[in-house]
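Heads up, the next two complexes both have subunit A, just with different partners, subunit B and then subunit C.
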Partner chain A sequence: MMTIVFSLFLLTMLVIVAVAILRTDNLFTAVMLSGIFSLIMAANFFVLDAADVALTEAVIGAGISTVLFLGALALTAEHDHSPPVGSWVPLVTSSALGGVIIFATLQAPRLGDPNAIVHKHVAPWYLENTPLLIDVPNVVTAVLASFRGYDTLGEVFVVFTACIGVMSLLGRVRPRGELIEEGEFDKRTDNLRHHLIPRVVGKMLVPFIVLFGLYVQFHGDFGPGGGFQAGALVAAGIILYSLVEGGARGRELVPEWFSGMLVALGAFTYAAVGVACMVMGGRFLDYSVLSHDPVHGQHLGILLIEAGVGMTVAGVMITIFHAFSRRGIR
Partner chain B sequence: MALLGLYNYFVFAVLLMIGLYCVLARTNIVKSLIGLSIFQSAVFLLYISMDKVDGGTAPIIQEGVENQVFANPLPQVLILTAIVVGISTTALALAVAVRIKEAYGTIEEDKIQEMDREP
Partner chain C sequence: MDILLDIASTVLLVTGGFFVFVGGFGVMRMPELYTRMHAASLTDTGGAALILVGLMLQGGFTLVPLKLAAIFLFLFLTSPTASYALANAALLSGVKPPCRNETGKTFPGEPPVADGPKQSKSSAEKRTANKTVAGKAARKPAGKATRKPAKKAARKPARKKS
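Let's turn to the complex of A and B:
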């Protein structure tokens, strides 16, 4: 009962925040509200028993996404000058969509129904066989890293490709407009450097965030966590350092060649583990052949590919942040 | 009570509407992208709502505990990776917006169209 009341409250808050985002003309406000939106969404995921997803949404949605949007605002505009909506097309289209979906969900199984079709298909197989075949307590990690390792490899390469896209858009080619001095840009974007308390507290937090990231990386088999969350957490720590100390100091801590190398090395590690499995007589990404005992092989394979995922995600987030923060600087 | 069990889906539909309306009605590119990320979060909410089982817990198996009920791990895996892919593609879109600002001096779609129409 308590869970229902709690989730009703959270879901209603989500709608209120979304409406507030829609109504505001100030993009800075909208970005801050979307950080709050993500945090409420993360709490919601936790109530719905999705601990791994909640951790990811909290790090990425509320943390890194907000910083990236702020970086983009610093380079574009802070106000939304949309003219008042003259046409009724947007309202009709979105209402029609919402109406159709609400009509469709009237037939859907209610929340938490154990007899819903989604729980009767392949899900029980994964829950029963994970202890036998993979033997890691966290089923989400087992499915992500081993059973559906192909998909995760694909996702890693999507992230990798997006990073290359951002680098080619914002990397080498300098903007034609007037360039500003490094200090001037810092003043416009990360004022934190001139505020004592955020600067001191922020710097104190950085090592703990990175440490927690490493814990999440290596404890991901046993508890909520894994390479995606860990990579984002480590990147969040480095980004926080760059925010409180200024972009130049951040690039001294993690040079761009290093974060770029992490991106490539992580994706390479993942694919190389797959090829190693083939060389040792198994199939691509079939970790059982990596050790004498198939279950040990699975453990080793998951450890390695999670390390690859962590490196790529951390590298991509840091590289993208640097690309935004140094754009337009002389 | 039956409608209460569908509340998650109603919120999903409303968030989807808000997101789509934001994309269609606003001409500011960054604002449209924020709308798109609300739209995306709504889909995440739909999937995660489907994984819940009454009396269940997060799908992490504890030794020595019998007859545990677990949430469905498959939607969680799907959405976990989708969130990370989502932020990467959003970053790519923001990079395009930055280049548009540099080329046109504005990120308002109507002004950009006006400039394109001028010979």
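Let's turn to the complex of A and C:
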């Protein structure tokens, strides 16, 4: 009962925030509201017992993407040009799409229905066999890293490709030893450097955020967390440092060649574990052969690929942030 | 012993809830930004602190109170900082705190500087802020200084007025 009341409250807030995002023509307000939207969504995921997803949404949606949006805003105008009013095409398109989605939800199983298809399909098998085959308490990690390792490999390469796409739009990664200068976003956020309170508090929090990121990374087998969340958390710590100390100092701390290398190294680690499994006589990403004991091999494989995921995600976030923050240097 | 803990935690939780309620009420009812922020900060610090301590008493001798204490510490560091940053950003972007003139009428605008005792805090703050900016710029090593202090002052119109 309490859950339903809480969900209703959160979903109502979501609708209100979404309408507010649509109605504002100040892009800065829209960015802040979309951060709030993500935070409410994270709370919603948590109510639905999806702690791993909630953690990701809170870090990436509410934290990093807000900063990246602000970075984009620093390069463009702050006000939206009002779209032409009175055209009926958008109205018809969105009502038709909305109608289709509402029609589709009529067929969906009710919330928490034990007879829903997802609960009848492979989920029981996973729940039953995870303790036997992999023996980690967090089934989500077992599914993500081992049973569905191919999918996660694909996801990592999607993130990797996205990073390459953004970098090819925003500019190249600076090689080692090149002069570190300030971009447009740095100049906009430069004011922060002269405010002692955010600077001191921000710098004080950075080590703890990174430490928490590492905890989430290595505790992913036992509780909510894993490479995606951990990478985003570590990147958030470094982005916070760049915000309070200025982008140039941030690029001194984590040089661009290093974050770029991290992106490639993470994806490489993941794929290399797969190849190592083949070399040791198993199939691609079948970790059981990595050690003398299949379960132990699974643990080792999950640890390694989670490290790869974490490296890639952290590297991508930092690289994109740096690309935004030094944009405008000629 | 248990009943005492329960009573203490209930009292703390109810008081914290009251603080949150008053904070929310204040945000709705207060006339302008700075007073609203004052109300909101009540929720952030007083409300959150009391509720967290109340929950810690419920936790017993487990890891839970320790985790709550970590959240408590985190909130105590971040929410005043956020309030400071918000007020500062508002001041820089030209939102004036309302002031009272000789006739006792409130109006938004520059605080009166002429009479000594009435000198409001914000103008004094502005001056110290200006000083820090100048000091920082002067202390910067010449080689790395790609920023230009003169340009920076021009970007902060609200500060120059004092």
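FYI, the second predicted complex is superposed on the first by the 309 of 330 C-alpha atoms of A that agree within 3 Å, B and C clash if a C-alpha of one lies under 4 Å from a C-alpha of the other, contacts with A are read in each partner's own complex, and residues count from 1 in each chain.
To be clear about the criterion, a residue touches a chain if its C-beta (ideal position, glycine included) is under 8 Å from a C-beta of that chain, and two chains touch if they have at least 3 such contacts.
What you see is a predicted model; the values in this text were computed from it and never measured.
In the superposition on chain A, contact of A:128 is made with neither subunit B nor subunit C. Of the two partner chains, neither subunit B nor subunit C is touched by A:252. Looking at the shared chain after the overlay, A:61 reaches subunit B, while subunit C stays out of its contact range.
Contact with subunit B, but none with subunit C, is seen for A:170 once the two complexes are overlaid on the shared chain.
A count of residues in subunit A touched by subunit B and by subunit C gives the higher number to B. In the superposition on chain A, contact of A:197 is made with subunit C only, not with subunit B. In the superposed model, A:205 makes contact with subunit C only, not with subunit B.
Shared contact residues of subunit A, touching subunit B in one structure and subunit C in the other, are absent. If you check the complex, the residues on subunit C that touch subunit A are 74, 77-78, 81, 84-85, 88, 92, 129, 132-133, 136, 146-147, 152, 155-156.
The touching residues of subunit B, when paired with subunit A in their complex, are 2, 4-22, 24-31, 33-35, 37-38, 41, 44-45, 48-54, 56-63, 69-77, 79-81, 83-85, 87-92, 94-99, 101-102, 106-108, 110.
Listing the residues of subunit A that touch subunit B in their complex gives 4, 7-8, 11-12, 14-15, 18-19, 21-22, 27, 30-31, 34, 37-38, 41, 44-45, 48-53, 56-57, 60-61, 64-65, 68-69, 71-73, 75-77, 80-83, 85, 89-91, 93-95, 97-98, 101-102, 105-106, 108, 110-114, 116, 118-119, 122-123, 126-127, 130-131, 137-140, 143-144, 148, 151-152, 155, 158-159, 162-163, 165-166, 169-170, 175-177, 222-224, 226, 228, 232, 313, 316-317, 320, 323-324, 327.
Put simply, subunit A touches subunit C in their complex at residues 181-182, 187, 190-191, 193-198, 201-202, 204-205, 208, 248.
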